[in-house]
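Sharing a structure, written as structure tokens. Questions coming.
As written, the chains take the letters A, B, C and D, and residue 1 is the first residue of each chain.
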Amino acid sequence: MADIHVNLAGISLKNPVMTASGTFGYGTEFADLVNLSDIGAIIVKGTTLHPRQGNDYPRMAETASGMLNCVGLQNKGVDYFCTHIYPQIKDLDTRVLVNVSGSAPEDYAECAARINALDAIPAIELNISCPNVKQGGMAFGVTVEGAQSVVKAVRKTYHKPIIVKLSPNVTNIADIARAVEAAGADAVSCINTLMGMAIDIERRRPVLSIATGGLSGPCIKPVALRCVWQVAQAVSIPVVGLGGISTATDAIEFLLTGATAIQIGTANFLDPAVSVKVAQGISHWLDQHGCRSVQEIIGQLES
Amino acid sequence: MADIHVNLAGISLKNPVMTASGTFGYGTEFADLVNLSDIGAIIVKGTTLHPRQGNDYPRMAETASGMLNCVGLQNKGVDYFCTHIYPQIKDLDTRVLVNVSGSAPEDYAECAARINALDAIPAIELNISCPNVKQGGMAFGVTVEGAQSVVKAVRKTYHKPIIVKLSPNVTNIADIARAVEAAGADAVSCINTLMGMAIDIERRRPVLSIATGGLSGPCIKPVALRCVWQVAQAVSIPVVGLGGISTATDAIEFLLTGATAIQIGTANFLDPAVSVKVAQGISHWLDQHGCRSVQEIIGQLES
Amino acid sequence: MQKFLRDLTVSEVSFPHKRYVLIKLTDTQPLPPMLPGQFVEVKVEGSPSTFLRRPISINYVDTAANQLWLLIAMVGAGTRTLGTLKAGDHLNLLFPLGNGFSPMQQQGETVLLVGGGVGVAPLLQYGKVLKQQGAQPIFLLGSRTAEDLLQLDLFQAIAPVYTTTEDGSAGEKGFVTQHSILSTMHFDRISCCGPKPMMVSVARYAKQTNTPCEVSLENMMACGLGACLCCVEKTVKGNVCVCTEGPVFNINDLTWEI
Amino acid sequence: MQKFLRDLTVSEVSFPHKRYVLIKLTDTQPLPPMLPGQFVEVKVEGSPSTFLRRPISINYVDTAANQLWLLIAMVGAGTRTLGTLKAGDHLNLLFPLGNGFSPMQQQGETVLLVGGGVGVAPLLQYGKVLKQQGAQPIFLLGSRTAEDLLQLDLFQAIAPVYTTTEDGSAGEKGFVTQHSILSTMHFDRISCCGPKPMMVSVARYAKQTNTPCEVSLENMMACGLGACLCCVEKTVKGNVCVCTEGPVFNINDLTWEI
């Protein structure tokens, strides 16, 4: 059996498969259907300083090999998370990370500060690339200054590893990656969703309540691989790859391209047990190919 | 029968369906399979001042609901086009436009100048967004300055309508659209392909010879619709929509979103007769919905 | 209730009407407990344009035969593909999902079950269970035409059935809310499933007559597990997931204008 | 030659070997003229992961029965889905495409037709036509094992057949280029279709023996019409489309290192 454990910015994961924020709830919703202990890490849904109702319905549209969503960070706020959710998940036999979002650097910093106090949360992922909120969200992720402002603010209040989730909706994702690395990020995850739109021709309206939304699913995998490839060459901190991963083959593509770990998002909606199947598939592939460790393929793309 | 003729920057098209550059050859390749006279316009493949061999094989990868290509503007140059191709297509009973690309503004300008002399070519499309050539190509399309430099240079030598094909691989496509409008563009077409990548895990290499390529097909339609929506609100010149269109429903989505005409690209590879089927489908839908003219739906999205 | 992800076997496929397919599924092991009003998420194979699972309400559970019935309106590529399933094929189900209709509140209560179109599907199982529990279900089923009235014989075998059709080809002409029993009979409570306009008018009737009323919503959803947060309904408690807090809601918890 | 886009009808499906499917297609109208070595682009329905058409070489044309045969190796999701076709199903074809093998150059010429794996497919039709034209085709077919030697009886009915298998389970053990007839017999020319390494070594043999040689390439392609420019091969004339300038090339026009 190949060793598939990875070290992500100092955090040891039993395997490189993480579940992406906003696609796996708090993990507990999936407990009937998959053994959470077999997942490398769970990134719980986007959490903000204050509770958010998110956007109006409709929030979803099915597209070719993917879907659009405009949830808009609906969550009950960080305090509710700390008091009501954290106790339920702190003893899970896997890594639990929190995805943090906000409308201003100070919000991110304060939200992160409260999570810093939670011993069982080894790291956070900063969402500076949510395309579905008016203020903040993606606005930060598309400029060097905006991205750095958030990371620097959080770096002051949060003393464990910070993973910054990058937006693909930019001209040069490598520039943003270098900027957040310089600002103190310990890792980057890419990509967040692509900004897209769907139209209802009978009603002559956008399908989504706020017109546009984030595109995810296998349709964006080629863009995600390109972004991981560009970012992995641009920074020395680890890269977490995501975007349309639903099989072990997909995951291995990202690992070869330079990802130290990968996240599974939309595929959780199609198969709640997919994350564990992918982890097992990676292990099986490594064995078949005579690899002793997943380290033998990470970033080993020839070109 | 609804009137589906449209006026694109002064060019009258018998219907809003154009075939996208690089997906329909010079039209003649499809003459056995579709009545070219039933197509609104044919945009012939990317033409450059000097002949180009393009990139090495492999140039293509199949993806979820789409494909990647890195052809790299293979063509025999503008002089060959003028002397050998033009005579074969100048009498076609449809509009024939030429897509022009280059490595420097001067190349674009000189290439356009030679096409300006061809009476049967009513307009050109400037490709400032090809992701598959090292110099030029997309490099121009991702900055306001680069985009304007090409358009201004061509505006001096080309005296018929100029359509500028925009890249979606930017942070703000509306800014680029406004810039080319200010520089003298008569219309914009969006979108060109999204930059993507595919991996062969057994060979541990990128599938494509130059690693990355342009993603096209239904997978990118949501991104294309979003771009058309943003651009249509940003400029007053007409917008030509393309990106994953393969049915009349797709086309109507783009028309409602603000496109005066649409282009069909990758779908030509799956069904050589798709462009005419889409044109007929638009007409049928308009009749069903009691619209006298396609003008009644162009840009009529409620939001 | 515990959820399962299983490949069930298609034991029978029939077409009550050209636009509807009834799929009877069975399993090698006993089917798990399911409540009336709960739903399943089915994985559609072989339909390139169908990316997400399709939520389908539970039409009927035949415990003796270890069968689960799904009554599906073939409206899109995904549901049409489900209509091509043959006996012996497998169908991957995520189930049971959601909260279901309320169990009997008091012995002998009269419960009006109002269904419209394919919305009648979950009422068959619900009516059966209410009857078994000792309540008196009464069915009020509406549709466009007589041939859209589905499974009438099965409903009639359980309890009295009143019908309306928009074209008058069966039962009283018009909408369910125009049926005469609404003015001539009393009901302890109402449960309703169908197109939203229908459910809104039923909710209005219930409010006017101070009759407790619950409705089953069909918001577009992806995961069915409360993870994607796409199927939210605005309630008095804010936006909640229809897949986990619903699909059945008491009308007093909704923010409909009634 | 004129190209057509037609829905043909599957008249027969058989499996010469578990990894290969033979699909016989017919049409209500006469099939168009097709040259040996030309190919078709088939639209694969019901395979979500298959976006593009699949290029398949023409295996055999039975003019009397108005049948077109496709011999397909089921290697991916798309070709596996083709293996699920049943008699009566329809298959959309874009055809005939490409240039095909050279017709007979001179009466009585001996033409060695070398095939490897599923690459034998177009040689069946080509051998038949050469024979009819008055040439003397000789087949040299190679595969991994005896059971991978496809349609042997049909080849033998046309002309002498020599075989090699990598495991020696049939014919001479080894690769086709190691077969004894290459040292004992003379051929006026060679046509070859199979895996590229095999074709390269056949091309080397041809060059050493100054035997004219053409090979049929299988570059990945999208449109099949010369529009997408994806299937290019580097030739002495530069990059050309395999779908229109090929799939058959004279080895002197290629830039292979032989």
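What we mean here is this: contacts are C-beta pairs under 8 Å (C-beta built on N, C-alpha and C of every residue); 3 or more make two chains touch, one makes a residue touch a chain.
All values derive from a computational prediction rather than experimental measurement.
Listing every chain that touches chain B and chain C alike gives A, D. Contact counts per chain pair peak at A-B.
Taking the CA centroid of chain C as reference, the farthest chain centroid is that of D.
Mean C-alpha position of chain B lies 36 Å from that of chain D. With centres taken as mean Cα positions, chain D sits 47 Å from chain A. Note on chain placement: the centre of chain C and the centre of chain D lie 55 Å apart, centres being C-alpha means. Among all residues of chain C, those that touch two or more other chains are 48.
Residue positions of chain A touching 2 or more other chains: 63-66, 217.
Contact between chains, per the stated criterion, is found for A-B, A-C, B-D, C-D. Interface residues of chain D facing chain C in the complex, by the touch rule stated above, are 46-48. If you check the complex, the residues on chain B that touch chain D are 22-25, 29-30, 32-33, 45, 53-54, 56-60, 62-67, 69, 71, 74, 217, 266, 268-273.
Taken in their complex, chain B has these residues touching chain A: 61, 63-66, 68, 142-143, 169-171, 194-199, 201, 203-206, 211-212, 215, 217-223, 225-226, 229, 244, 249, 252-253, 256-257, 285, 297, 300-303.
Residues 2-5, 43, 49-53, 94, 219-223, 225-234, 238-239, 244 of chain D are the ones touching chain B in the complex.
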